[in-house]
Structures are given as structure tokens and as C-alpha cells.
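Shown below is the structure under consideration.
First chain written, first letter: the chains are A, B and C, and each begins at residue 1.
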Amino acid sequence: MYTRNFRILILAVVSVFLMQSFAQNNWNVPADKKAKNSYIKFDAASARQGEAIYNKNCASCHGNPGKGNSLKSLKPIPPDLSSKGTQALTDGELSYILITGRMIMPSFKNVLSEEDRWKVISYIRSFNKNYVQLLSKFDPNKAKLVKVSMSYDPKTKQVKVDVKANEKSGVVSLKNTEIALFVSRYFGKLQIEKNQITNTDGQAVFNFPKDLPGDKTGTVELVVKLNDENYGEIESATKLKIAVPTEKPGLTDDRAIWNVLAKAPFWIIILYSAGVLAFIAVLLYLVMTLNKIRKSGAKK
Amino acid sequence: MSEKNEKPKKRTRREFLQDIGLVGVGTLIGGSAIFAGINYDKKKNAAERVRVLTAENELLEIDKSEASKVVKPNLENLTYLQKQGREGLPGKRFVMVIDLSKCRNARKCMAACNEAHHLRPEQHHINVLKMQDSKNTPAYYMPKPCQHCDNPPCTAVCPVDATFKRADGIVLIDNERCIGCRFCIAACPYSARVFNWAEPIHSLEDEGKTYNVELNVPQKKGTISKCLFSADRVREGKLPYCVSACPNGVYYFGDENEDAVTNGTTKETVRFRKLLEDNGGYTLMPELGTHPRVYYLPPKGKEYPFQDKDKEEAGERLES
Amino acid sequence: MAKNNTADKITSDLLRSIRLNWSFKIWFAFLGAALLVCLGAYGLQLKNGMVVTGLGDYVSWGMYISNFVFFVATSLIGMLISAVLGLSGQKWAAPLTRIAEIIALAFAAVAGLVIVMDMGRPERLLNVFIHGRIQSPILWDVTVITIYMVISALFLYIPLIPDLKICSEKLDVPPFVKNIYKILSLNWAGTSEQKKLIEQSTRVIAIFIIPVALAIHTVTSWLFANTSRVGWDSTIFGPYFVTGAFVSGTAAVIIAMYFFRKNYKLEDYITEKHFDMIGKLLVLVSLVYLYFNLNEYMVAGYKMKEFEAILIRDLFSGNHAVLFWSVQLFGLVLPIILLLFKKMRKPLPMLVIGIMVLIGAWFKRFIIVVPTMEHPYLPIQNVPMNWKIYTPTLIETLVTIAPMIMVLLIITVLAKLVPIVPISETLEQLETTEENKK
């Protein structure tokens, strides 16, 4: 009895372990991404900030690290992130997984900034006593040197993005950098086309859709995002009058049964008022007649 | 308590007085409605621009909506909140898209909603239903919030304008005005409305709070409550509670006028009409002519299997 | 000389009921006590909220609304007996007009209270007048029921003026009561001018009350038919409700006739012929109602559209089948068959049939309101079990009974204040018959 239970237990542990490592080894992270390191130092403070982000975005499926309370109804079961399998991954691999997502794991590309992602990884690492951080020498302040300019060509309906950095040594074009163009919407950023790679002049061209609504004047806010090896995460916004001018009336402008009293349909106002007025007329007639009866009797 | 008990006795006389008043009021309502309706558009155009004197002694003519931004809002004032809640956000038409292929009945939406709106566990502004349309079609999970119809049957029947539709499409309820007749529950074909049958569970902690019509908190005994598209969050540019709570990427929320909806899980923003076009988007019971602002993407290629334990409940109403 | 004797006898016969005897006092005390108990139950509902009822987010309209529909329905009878029969020259119905008007007034007056009892926030009733939206059928209902009440009261009062004069002269009551009768009788002297005025205004009311009465029940039916709910979404709901109203109202009049006749010894005035005639009337209105029932269920049951089929199965063979078929059989079919026999159109059998029809009429409203609410388009899930099938509670039942007691109280009191059979009209008829003899 004892041994049988024990065997089942071992089998279960092994299979869970196998499943986890199977799931994790399949991420196929490119070598350069795998070698990426955090420029944020992993300490108690960053782990604490990371925990808050983790609880909001990750805990509903992965559970709390070390508690084994990840959501078992999912297939594959989301791994406990304090587990050996997870901790065996490099910081770069973890970051990559967060960016891309896969199968039932959603992408956190638009949800978490690079800084946030490192903080979450800092929190995950806090469950591994043997972990030693390899700190990136990257200086996040360098991003301030970068200047992004955008222009629109109405003939070709294209947005040209130009990315330069004002180094002490002179102006440098950011070439071969992956850049993304977005249009700001009320709740988030809508990406225009796919990511592009800048040419040797630090320029990239995006086809702008003809049917995208802007505000009353057709103005939209364009946002360029890029993550350069040397300059880090850069985001820059410009307003251009290039979209379709859009001014839709409010949904409550027309007269309708469901609208407020002042916006009731005429037919209902007429019917209702006619009914009430007819009643008042009859009532007045009756009161007058009763009065006549009284007066006529008083004469006698 | 004693005051309440006396009411039934007095009612007959009070009613009688009201009856007399009614006749007059009825005519007044009818007449003033015609008048107000005619003047509505005139007034609106005239009032849209106002003149303001700047600190630099310049006289400017600006949009009225701009001017109201300058005036500091008083968030503790019930009348202010009610007025703001009825106006809605100018230029917006909010829409929700629910991707049924992604729902696995995690119910994080329901939990987040109930917490935000101080609801009892059996009260659902949003309810994840186990659905099966006919015998051989597959079962699927369907989250069902208020559909925020453009031809709302609930709002049509409300006798006191307690529930109303805003210019931005959101249908709200003012529980400071609701008389609790529950006609709206009877009229709603989507069973989207709930009633506070008893004292709300958070009534002690909510005591003294100013009622926010865009959050419907504090909840009030004897009044209706319903999904609000999280009008309070939307005003701040944030996604609704349910949308951001979903771990599975089921919900998209956005502005039809901008042709963009944002996924609550991945925060990815996509073109609204393209999303519907590519995935065969539809609305619930279009034959009723309610014109919902909630769109569904069919449960094609479900990412999560339908649980066996839920199959019986899903097929409950099917003919065997 | 003989004529005067008969007239005196008639007057004293018909005035006999107006006095406070012991049986009245006991009956009144009984009603009062029962009403207090029921109002206590309503007090509990005010204190704890509507959670004391069996209602839930799905069946959110239950007994109270059924009761409301029943009350509005029954009040319609005033229009049928006094206006329609009166205008079409059916003289036999004249002694019944006052009974019908009292019933109409009592039920219409209390119907408003029934709807207040269903409100979650009755103290906000005034919002209906402050913020009223004329697009809402509730506002139409409030308006039109108020109008009907005022018109019914006048319909009761105006033909009563000559009788009030008789009351002030002949009744053995304290002087101040006599004075009230006198003031209310508006200097009635029976001049031809006065008679003409009364005749004119009665005719105006009789005509005007027809559309108003049709309106109250049609509007009430629109509370349901103006939604897209299965079982309510029907274009014949207006006439369906109106014809149903005639059935329940006629039954109520029959019951009232029986008791007034027996208690006030009015056998000479409310005769077996009256029972015979009103029995035939009940058959007529019941047949029309049966026809509308057939329409309503036949069309839905033939097509068996998806959601309607669920409701139809529930009614025909499911949870509500027993109630559904009992209502149709005992409340409609059986009374029609029984009343075809002359023997059955005697007072006592008519009383039994009347009670049967009236109970059936009440449950008919329940069958219209509740099953539809139990079967919405989308499935009922993730809620307590008792929200799926509606079971009224004791408190709810007591609150439902309260308005019934109020109606009995109003009828009792009115019947103690005025002669229940119009005296002057009876005298006039006597004169015409005398003249015919000559």
C-alpha cells in the first residue's frame, strides 16, 4: 500500500517535471535574445515592485511561486516559476518569453515595459538562492540622445520615420534597428503595418491606411517605438493631420421611444396629450353640468 | 420604521391629491415635451461655444466642453456626478468584442466586476453562460454583459428616466431615482439586469459615500443595478474591470468612431471592423432589433476544451 | 293610492340596507383585523426589502403584478354593464348598474395601491410625476387608471343624486349625516330640467368611459406585449386582456349580486331573471375569451418556435401544466357548458360558478405573468436554485391578499352609504309600467 502510493507519487512528480521541462525547452529563443541581461540591479526593492506586477498579470495562471497553486485546469499546466526548470532559463530567455508569449500564454509586449519585465524577472529570481545576476552595462540614459522625426507624403500616403542620435561626436543615424509605428487610440496604440528595419540613414517608411479615422480635423497622434542595442527603449509621439476627419453625432440626438422625455417621438406626445386633454374636457363639462343641476334646484 | 408603517394608511388620501395633480402634470408634461424638444437643438447649438476672459485679459471664444474642463470638478457632489454621468464622453461610441474561442470560463471577469461594483455573489453584471444552441452543435462558454443596445428596450420602458442611454452609447442607471418597478428587467431580452432585493452586502462600509452613477456604488436596496461598461474607468481612459481582469484575451474594448479596440489581456489594439470581418463577428439576437454594442466572435477553433462537467447544464434546454 | 303604497314599499325596501347592524360590525371588524395582519406583512417587506418575497432577478414580476392585472381587469365591468348595456338599451341591467360601478371604483382605486406594493422604492412614487417619461407604458397606465377612477366615481355619483335626496329625507340618521346627503344631492328637486341634465351627463360619461376602460386594460396588456419576451410578444394582447376582463368582472358582479340580494333581502329587485340574464352574458364573454385563448396558444403551439416551444411545453405538459389546464377547464370551459343549462342560471349555482370563474381568472393572470419570466431567451445560470422556479412566500401571499380585503372594505362601506339598487330608477320603471297598464 505504502509503496504503491509512493510509486504513484514519484510518477506524478516525474511526469510534472517532464511536462514542465518539455514546455520550457521548446521556446527556441534566438541566441542574441538569450544572452540579453538586465540593466536593472535585482535587489529587494526591484523584487518588491516586480511582485506587484506579477500578482496583477501572472498570478491568475502561474499562481504564487513556491506555493504550487498554478491553474491545473490548463493544458499545459502553467509551471510554478520558482521551479528548477524555470530558474534554469537565462534572464534573456525569460524576457523573451514575456515579450512573445506562446500557445495559451499571452504576449506581454504591449502590457509591460522593458523596465517592468526586468522587475518581474527580479521577483522570480528572488526564489532562487543560488542565482547570481549578470548585469548589463547598458546605460538607460542614452535613450535621451535619440531624436525621432516623422513626415507624411500625401502622394504615396506614406509616413517616413527618421531616427538620429545626437552624440558628442556628431549626429549618428540608427541603422538596422527594428522600429514600430503606432497610432494612439483611446485605450491603446494601434500598430500601423509590421515592424520595419531602418536603412543606413536611420530611416523607415510605413504605408498609412487610407480609411483610418482621426479627430474632427483628421489629426492623429503617431507614436514610434524602437528598442536599440545601444540606446535602449525609445518612444516618441508626433501629431499629424493625415487621417480621415471624423465627427459622428452623439447616439442620443434623434427622437426615439427610448430617449429622454424632451426627445420623445412626436406621435407619442400628441397621442398622450390628446388623451389627457379629452379627459379634462369631459371633466370640465361634467363639473359644469353638476353646477347647473345645483343652481337649477336652488331657484325653486 | 414607524413612519414607514404609517404610509399605507395615508396613501389613499395622498393618492387622491396626486390624482388631481396628475391631470395637470400630464398636460404640462405633454406640452413641455413638445416645447423642450423643439428648443433642444436650438439651445444646444447656441450653448456650444462660450466666451472666457483669460488671465492675460484676452477675450476668447471656446468650446463649452473645453470650458467645463477648466472648472474644477467636485467629485463629492451627487448632482455633479449625476450630470456628468448622464452626459457621457463626447465624440465616443464605445464597443466591446468578446472572442468566444478564447473563453475557458475562468470567471476572473465576474469576480473583478462583483468586487468593483459591490455586488452579491449571485448578482451578475456579467455572467459567463454555458451555451449550446442545438443538439449537434458544440457547447461553448459565453460571457454576457449588458449589450448596451442602440435601441434599448429597458430604457424605453423606464417610467422615471432612471435608466438612460448616453451619447457615447453606454446605458446607465441612476439608483437615486429608480423606483424599483423592475419593468426594465421584464423588458430586457438578455437578462442583463439585477435587482437589490435585500440590503446590499457592502452597505455598512459604503455608508456616507457619495453615489457615483458611473460606478453604481453604493448599491441601494430596492433599486436596479446593471453592467455599466465601467463608465468610471472608461472616463479615465482605462479598460473596464472585466476586460482588464481576463487572463485569456477574451475581451476587446474600444471606440467605434476610432475603429479600434484594445485587448484587455495583451493590451494589443486592432482595427475594430477588421477584427469582426476576419472572424465573422456577430451580435446576440439581432432579430430583436436592439442593435447591441457588444459583438461576439464565434467559438471557432476553441483554445480551451469545453469541460465535460458543464455539458449537462449547457444542453439543459435542448429537446432530447 | 296603491301606486303610492308600492312606491313607499320600494323606497323603504331599498333603503333598508343603510344602517349599522351587528352583522355589519362583525364583518367590518373581521376585515379590518385581517387587513392589519396583511399590512404588517407589507411592513416587513418595507423593512427588509423585497427579499421577503419569492421573486428573483429572473422572475422579478410575480404575484403582485398578476394581482395588479386581475384588479384592473375586474374593474372593467363597470364599463360593460353600465355603459355598453345601458347604451344598447338593455333595461334589465339597470338594477345592477350601481353594483357594477361600485365594483369598478373599488378595484380601480386599489389597483394603484397594488402596483405601489410591488415597487422596491415606494417612497419615490412621486418620481413618476416629477421625472415621468411619457414613452413608458407605466406612465400611460398611471394616467389612464387615474382617469378611469375619476370617471367611474362620477359614473357612480351622478345617477345617485336623486337617491341621495331620498336618503336625506327618508333615512333615520343623525342630522349631520342628513346634511351631507343633502349637500351631495345638489338641491335635487326632480325638475324636468334637472332630469334632463342628469340624463345628458350620464350619456356623456357612458360614451367616454368605453374608450377609457378599453384603454386601461389595453395599456396594462402593453406592459407585457411591449417587451420582446416569449409569451408576451403578441399583437392580440390588448383584446385578449379586455375580453378576459369582462369574464372576471362579470363573475365578480354575480358574486356581489348574490350576497347583496340575500343579506339585504332584495329578492324582489334582483330577481332570478337577472341571474338568468347575467348568466347568459357570462357565457357570451367567456366564449369570446375562449376564442382569444385559442388564438393565443394555437398560433404559438403550431409553430413551436425555439423559445416559444420551451414555454409552450412548460404550460402544456411541464411545471405549470396542472395550473394551466385547471384554469382553462374550471375557469372557462366548464362554466360555459354548465351555464348553457337554465337550471344552472339560478342564484346558488351561479354563485358557485362565479367563484370558480373568479379564482380561475386570478390564476390566469399568474399563468400569463410567471411562466414567461421563468423562460428568458438566455439560460438561467449561476444563480440560486429558487430563482429558476418561482415559489411565492407567505409574506408575499399576505401582501397579495391585502388589496383584496381593501376592495371588500370599500364595497362594504359604499353599500352601507348608498342604496345598492337605484331607487329613483326603479320608481320610474314602476311608473312606466303603471302607465302602460292604463
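Assume a residue touches a chain if its C-beta (ideal position, glycine included) is under 8 Å from a C-beta of that chain, and two chains touch if they have at least 3 such contacts.
Every value quoted in this text rests on a predicted model; they were computed, and no experiment measured them.
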Chain nearest the overall C-alpha centroid of the shown protein atoms: B
Most widely separated chain from chain A, with each centre as the mean of CA atoms: C
Chain pair with the greatest number of C-beta contact pairs: B-C
Chain A and chain B, separation of their C-alpha mean positions in angstrom: 23
Rounded Å distance, chain A centre to chain C centre (Cα mean): 62
Whole-Å gap between the CA centroids of chain B and chain C: 40
Residues of chain B engaged with two or more neighbouring chains: 23, 26, 29-30, 33, 153, 156, 161
Residue numbers of chain A (touch at least two other chains): 257-261, 264, 269, 272, 276, 279, 283
Chain C, residues touching no fewer than two other chains: 132-135, 143, 147, 150
Interfacial residue positions of chain B with respect to chain A in the complex: 23, 26-27, 29-31, 33-34, 36-37, 40, 88, 90-93, 104, 106, 108, 150-153, 155-156, 161, 164-169, 237-239, 247-249, 253-255, 257-262, 265-271, 303-304, 307
Chain C residues within the chain A interface of the complex: 132-135, 140, 143-144, 147, 150-151, 154, 158, 161, 186-189, 191, 193-194, 197-198, 200-201, 204-205, 208, 212, 215
Residues of chain A defined as touching chain B within the complex: 60-61, 71, 73-75, 101, 104, 106-111, 182-183, 185-191, 211-213, 215, 246-248, 250-253, 255-264, 266, 269, 272-273, 276-277, 279-280, 283
Residue ranges of chain A touching chain C (in the complex, touch as defined): 257-261, 264-265, 268-269, 272, 275-276, 278-279, 282-283, 285-286, 289-290, 292-298, 300
Sites on chain C touched by chain B in the complex: 39, 42-43, 46-51, 53, 55-58, 60-61, 109, 112-113, 115-116, 118-139, 142-143, 146-147, 149-150, 223-224, 226-229, 309-310, 373, 376-384, 387
